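In the two complexes that follow, subunit A is the common piece, with subunit B as its partner first and subunit C second.
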Partner chain A sequence: MSRTIQIDPITRLEGHGKITIFLDDQGAVEDCYFQIPELRGFERFVEGRPIEELPRIVTRICGVCPASHHMASAKAVDACFGGQVAPLAHKLRDMYYHAHYIHSHIAHFYALAAPDFVCGPGCDPAQRNILGVVAKVGLEIGGQVIASRSKAQRIQAILGGRTTHLVWCLPGGVSKGLTTDELAEIRPLVGELYDFTQFSLQLFRDVILGNPEYVELILNGPYTLDVHNMGLVDQNNAVNFYDGQVRVVDFEGREICRYSPAEYATHIAEHVEPWTYLKFPYLRQRGWQGFREGLDTSLYTATPLSRLNVADRMATPQAQAAREEMFSTLGGRPCRALLAAHWARLVEMVQNAEMLKRYCDDPEITGPEYRLIPDRITGEGVGIVEAMRGTLTHHYTCDQNGICTGANLIVGTTNNNAAIHMVTKKVASTMIRPGVEPDNGVLNLIEMAFRSFDPCFSCATHSLPGRMPLIVTLMQGGEVVRTFRRDPS
Partner chain B sequence: MERAGTVILGLGNPILTDDAVGVRLAGEARCRFGARPDVEIHEECPVGGLELLAFLDGYRRAIVIDAIHTEGGRTGDCYRFTATALRGTVNLNNVHDANFATALALGRRLGQRLPEDDEIHVFAVEVADDLTFGTELSAELAPCYPLCREQVLAGIEELLAEAPAEAP
Partner chain C sequence: MAERKLQVALYWGAACGGCDVAVLDTDAFILDLAAVADIRFWPIAVDGKYADVEAMADGELDLALFNGAVRNSENRRLAELLRRKAKIFVALGTCAHMGGIPGLANGASREEIFKRAYLANPSLESGNIALPAVEHKVPAGTLDVPEFYRRVHKLDDIVPVDYYVPGCPPAPDQVKAVLLAVVQGNLPARGAVVGCSERAVCDDCDRRKDEKKVKRFYRPWQVIQDPERCLLEQGIICAGSVTRSGCGVRCPDSGMPCRGCYGPTANVRDQGAKLISAVASIVDSRDPQEIASILGEVPDIMGYAYRFGMPAATLQRTVGSL
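Up next is the complex of A and B:
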């Protein structure tokens, strides 16, 4: 008799995300659905408001990626006002964004990714958290994690005035520049953050690469997908987080398309399924072909690993060295092993720290020309940045008075929706065996599939990302026969 | 770092309908108790998880106000509990890095001066809609709000009538 397994977060009793796994009569996985809610009415909420207010409003869409939304929104608004931006403002925004990246990537690696490997995938869920990591590798590292995040936060606060609800970016620039005294405070913090990125890479080598079982799991486990890769690159095809063109490369390394922000709608479309609120973006020119892998698929991922896959190089030397080591170890580029996204995050952090160093040494960075006052309204703008969790697109329209008439957002995690859905099914099909009741270890191995994407549905809700709370319900013949519960740790 | 004895934190998103209830009530608390030198109030605390530690470090008592969903709960019901019997409120259940209990445990192991569990007081209001963008409370919660306000403010006043326990 067929059964249903439901993995169901409990922080919300309505509008929450869940994974539902359907088993056939023999107990094998028949199908799997990954469903999440969405926040309602953002477009309506911003319609009728002055377009320059949007960068300040969008920081409250998401408490996890506020700077990403602020930057993408600011760039879209820049375009609505003609696109003239003070060159120094681009540097300062980019500088801020590198600090934000480090702050976010540290949290994901040490609090969400590392417990799976340091504590082990089968570890008791109550122990598989940052406390478990600290217990294994030492209290001092816990202190360094907190301190390094604080340093990255401090850099953001110095540059932008605050960290979470930014009001810093304005059409044509930013509201404040960087003084020499402020730069003097930032400089030593950057050096310490760079050291921490190197420490983190070494920890990855020691703990994960030093364990053949983990390397086998990364390279040859079910955590792979034959779909394409998306990410921002600069004019040299180097990884860029704040600016550039979006490049899409297939899983064999061939460029499929490359586009500027204003062209996004020519290349990206969104498919709707009746069983989830979240849309499924795909490559428009290939058309929606369903949830399938292959060279002709229209699906892609937009993750840290995707960014490294689409770029020909990193923008800084030590990050490039770390990238070469990664691809060399993983068998070349592009890499299809989704769990390698954790390693890619650490490589990105090296570039973030090196770029911060570069800006500290830039003689123009404390200059006074950090804003150009716009002199016209064009009525439409698209801004794209790389959020930590994927390519983030904001598209706005406004009338001749600068009043917002429309908004469309494709957030980082949305790009990965199809891939998360597919790999969750793939891993569940591998890990759940007929006649064997899935335990917490199996459930965590399924969670690891989507955790590699660092999914953040704060743009949609607060609930689902990371070590989500779970209820697993086994249904047989319409009756609940067993329930697992796991609270967030 | 030694700071004022009590910190009051409003959790939530001010433009997400009922999710704003903690922020609104913290604003009400500022009107009522903001002049007291032993109380510091963050009306809109924008963080969760590990970052929340920075908002608690150095205080002997914390009062957190948030939205909550409970099974079978009635919109407008107010709950009060401490970190010794912590329940999952909407914003304390940060799952991006660590939940509140894990963050507290880590902070204490790292030597941060955090309030004891029985000096972390949570006031939670059962909400109806925290998924829709809007600056007004839902039609279900709005009529309940005045009573929520009085219950929460009375509870805070009762707590503030006594000095927080000395740190061990």
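Up next is the complex of A and C:
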């Protein structure tokens, strides 16, 4: 008899989602859907707000990567003011963003992904979590993981005043600079974080590469897709998280397109399906062709692995060494093994730590000119950063008073929606065998497909002088019915 | 014999995950908590499913922390389910407490929100007319997604809530203090707002406060603020005077005004009305025309006043958003 299996909710990710699997009479997978059950409507409810407030509203799209939204939004707002920003502010924002990456990548790798590898995909679900990981690796390492994420959070708090939901960027720059005392507090933390990135790479070699079953699963399992790759690169085609151009490269390594933020809508379009609240971005020039793999597909991924696939190099030496080791082990670049995104995440963390070191040694970083007052409003802007979970685009328009008149967002994970849907179906079809009741371990192997993407579905009363002057106008059907007034005291 | 461990669940409704990160930000305390508590359900970090919660006996959980607002039928279902399963049910964070940022959507109708997301924006597939549907038939069967409600609700519009922990997100130290109080059985009477102070943000803010008389209001980017002096006195709208403290004054201390995420102070019913009253009261003029001109410089007063609490406001909707 045909039946339906639901994995609801999917777990160890940011946000809501469910997987619906239809089995045929023989118990084989007939079809499979990856569904997102929610929408919050940010694009509509930021309209009418002062444009400078958007960076501190859109952070609430995601509490795991709030700085990604804050930075993309700040850059879109900068552009609405003709791009007038104090140069030092860009450095400080980039510095903050590297610390943010480390926090998020540690959280994902150790708390969300590692349970599948350290505890094993088929381990008792009650143990298959960060506490199970700590039980396996020991309290000392567990404590070090927690302390390292905390250090990354601390660097952000020192720089921007807050971690989750920072309020730091505003038109013209940032609201506070970095003092020499603050820098002195950050510097040793950065050194420790760099050591932790090397520790994490070694752990990956030991636990994952040291286990032939995992290597087989990564390289030859069903977790691969013939779709393209997207990521930000700088002018040297090195990985950049905060700024640059978007490059799209096919899965054989040929560049498909390269665009600046303002051109995004020429290159990207979004398809709507009625069975999910999340849209499916695709390459506009190629048109929507359905959920199809192949060299002429219009679909792509935007993940840490995609970023490493599209860039010719990392921006720092030790990260470059880690990248070369990764691609040589995986059989070259580009790599289509989606689970390798976990490794790519650790390679990126090395660049984050090295860049933090570089900023600590930058004599300008504690300078006073972190903000200017813009003198014109130009009315439209697109900001793009690499969120940890993919290329993030914010596009705003505003009127001459700087009031938002339109907003369009393409969030990191949304880029990966089609790929997640497809690979989930591929893994389900491979792992679920006719006549064999899928157990918990099998269902978790299906969830491991989306987890490689690290998806984020969510992306006084002290007295005052005087008395309030008040005019209340009651209206009905557009006509003034009555006016009340109270004058100031 | 070891004492029975506390049975705990954490869940998110219409939320961003920031409250969950605030729990993670208690750092090593998480390990201490795990020593005395079983975390039975926590989608961001633990593999429990809805069916596991449904299988629990009513009251089997000692504590459920619900963050996020209620935006759709799935949020509602889980709020009702977890309320039933938990002895102590806590609204964690601003969205559960007052609706939060997602509550700003109550200024727009469902149709307007869908139109912007699916029918009219620069990156949509041209000619798209498809919209998400609660039920949709595909060749293999029927797919369903939750119903997107016409408005956003705060948690206690839907189910009774025992305690409220305000903040967007709550400061990690406050989360830790609340969890410790639960472990030690040291909670105040039900209905209390916990994990915060009885003072206002202004009371804890180090900025110098002199005379509040304002001839011109400025938007934060229009002026280089004096870091020593009250922001409101400098004409920058700040909700510190009407907002409960406990956050650590983190926005004013980073050079930006408070937008009120910790909710109204203890004896204030409507935080936004109080802020509007405060702003109007400090205008330094007695001339109605000049007053109108000074206040006319303030854009989107509703967005300042109800940034985090539209679903908790006395007047909750605009005409046309119903």
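Methods note: the second predicted complex is superposed on the first by the 450 of 489 C-alpha atoms of A that agree within 3 Å, B and C clash if a C-alpha of one lies under 4 Å from a C-alpha of the other, contacts with A are read in each partner's own complex, and residues count from 1 in each chain.
Just so we're on the same page, a contact is a pair of C-beta atoms (placed from the backbone, for glycine too) under 8 Å apart; a residue touches a chain by one contact, two chains touch by 3 or more.
Please read all numbers here as calculations on a predicted model, not as lab measurements.
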Which of subunit B and subunit C A:I410 touches, first, second, both or neither: second
Subunit B versus subunit C as contact partner of A:S150, first or second or both or neither: both
Which superposed partner A:V64 touches (first subunit B, second subunit C, both, neither): both
First (subunit B), second (subunit C), both or neither touched by A:L131: both
Which superposed partner A:Y396 touches (first subunit B, second subunit C, both, neither): neither
Contacts of A:D31 with subunit B and subunit C, given as first, second, both or neither: second
Touched partner set for A:L112, first subunit B, second subunit C, both or neither: both
Touch count on subunit A, higher of subunit B and subunit C: C
Overlapping contact positions on subunit A, where the subunit C interface meets the subunit B interface: 9-15, 37-41, 44-45, 57, 60, 63-64, 66, 107, 111-112, 129-131, 134, 139, 142-143, 146, 149-150, 153, 164-165, 456, 458, 461-462, 464-469, 487-488
Touch list for subunit B against partner subunit A, complex: 13-16, 44, 46-51, 53-54, 69-71, 88, 90-91, 93-99, 102, 105-107, 109-110, 130-134
Residue numbers on subunit A that touch subunit B, as the complex places them: 9-15, 37-42, 44-45, 57, 60, 63-64, 66, 107-108, 111-112, 129-131, 134, 139, 142-143, 146, 149-150, 153, 164-165, 456, 458, 461-469, 487-489
Sites on subunit A touched by subunit C in the complex: 2, 4, 7-16, 20, 22, 30-31, 33, 35-41, 43-50, 52-53, 56-57, 59-64, 66, 107, 111-112, 115, 125-126, 128-131, 134, 139, 142-143, 146-147, 149-150, 153, 160-168, 170-172, 175-176, 264-265, 268-277, 279, 281, 288, 371, 373-374, 395, 401-403, 406, 408, 410, 444, 456, 458, 460-462, 464-470, 487-488
For the subunit C and subunit A complex, residues of the former touching the latter: 12, 14-22, 24-25, 27-28, 30-31, 34, 39, 43-51, 71-72, 74, 100-102, 104-105, 107-108, 112-113, 115-118, 121-126, 128, 130-133, 136, 138-141, 143, 145-146, 148, 168-169, 199-203, 211-213, 219-224, 240-243, 250-251, 253-256, 259, 265, 267-268, 276-278, 280-283, 285-286, 288, 291, 299-300, 303, 307
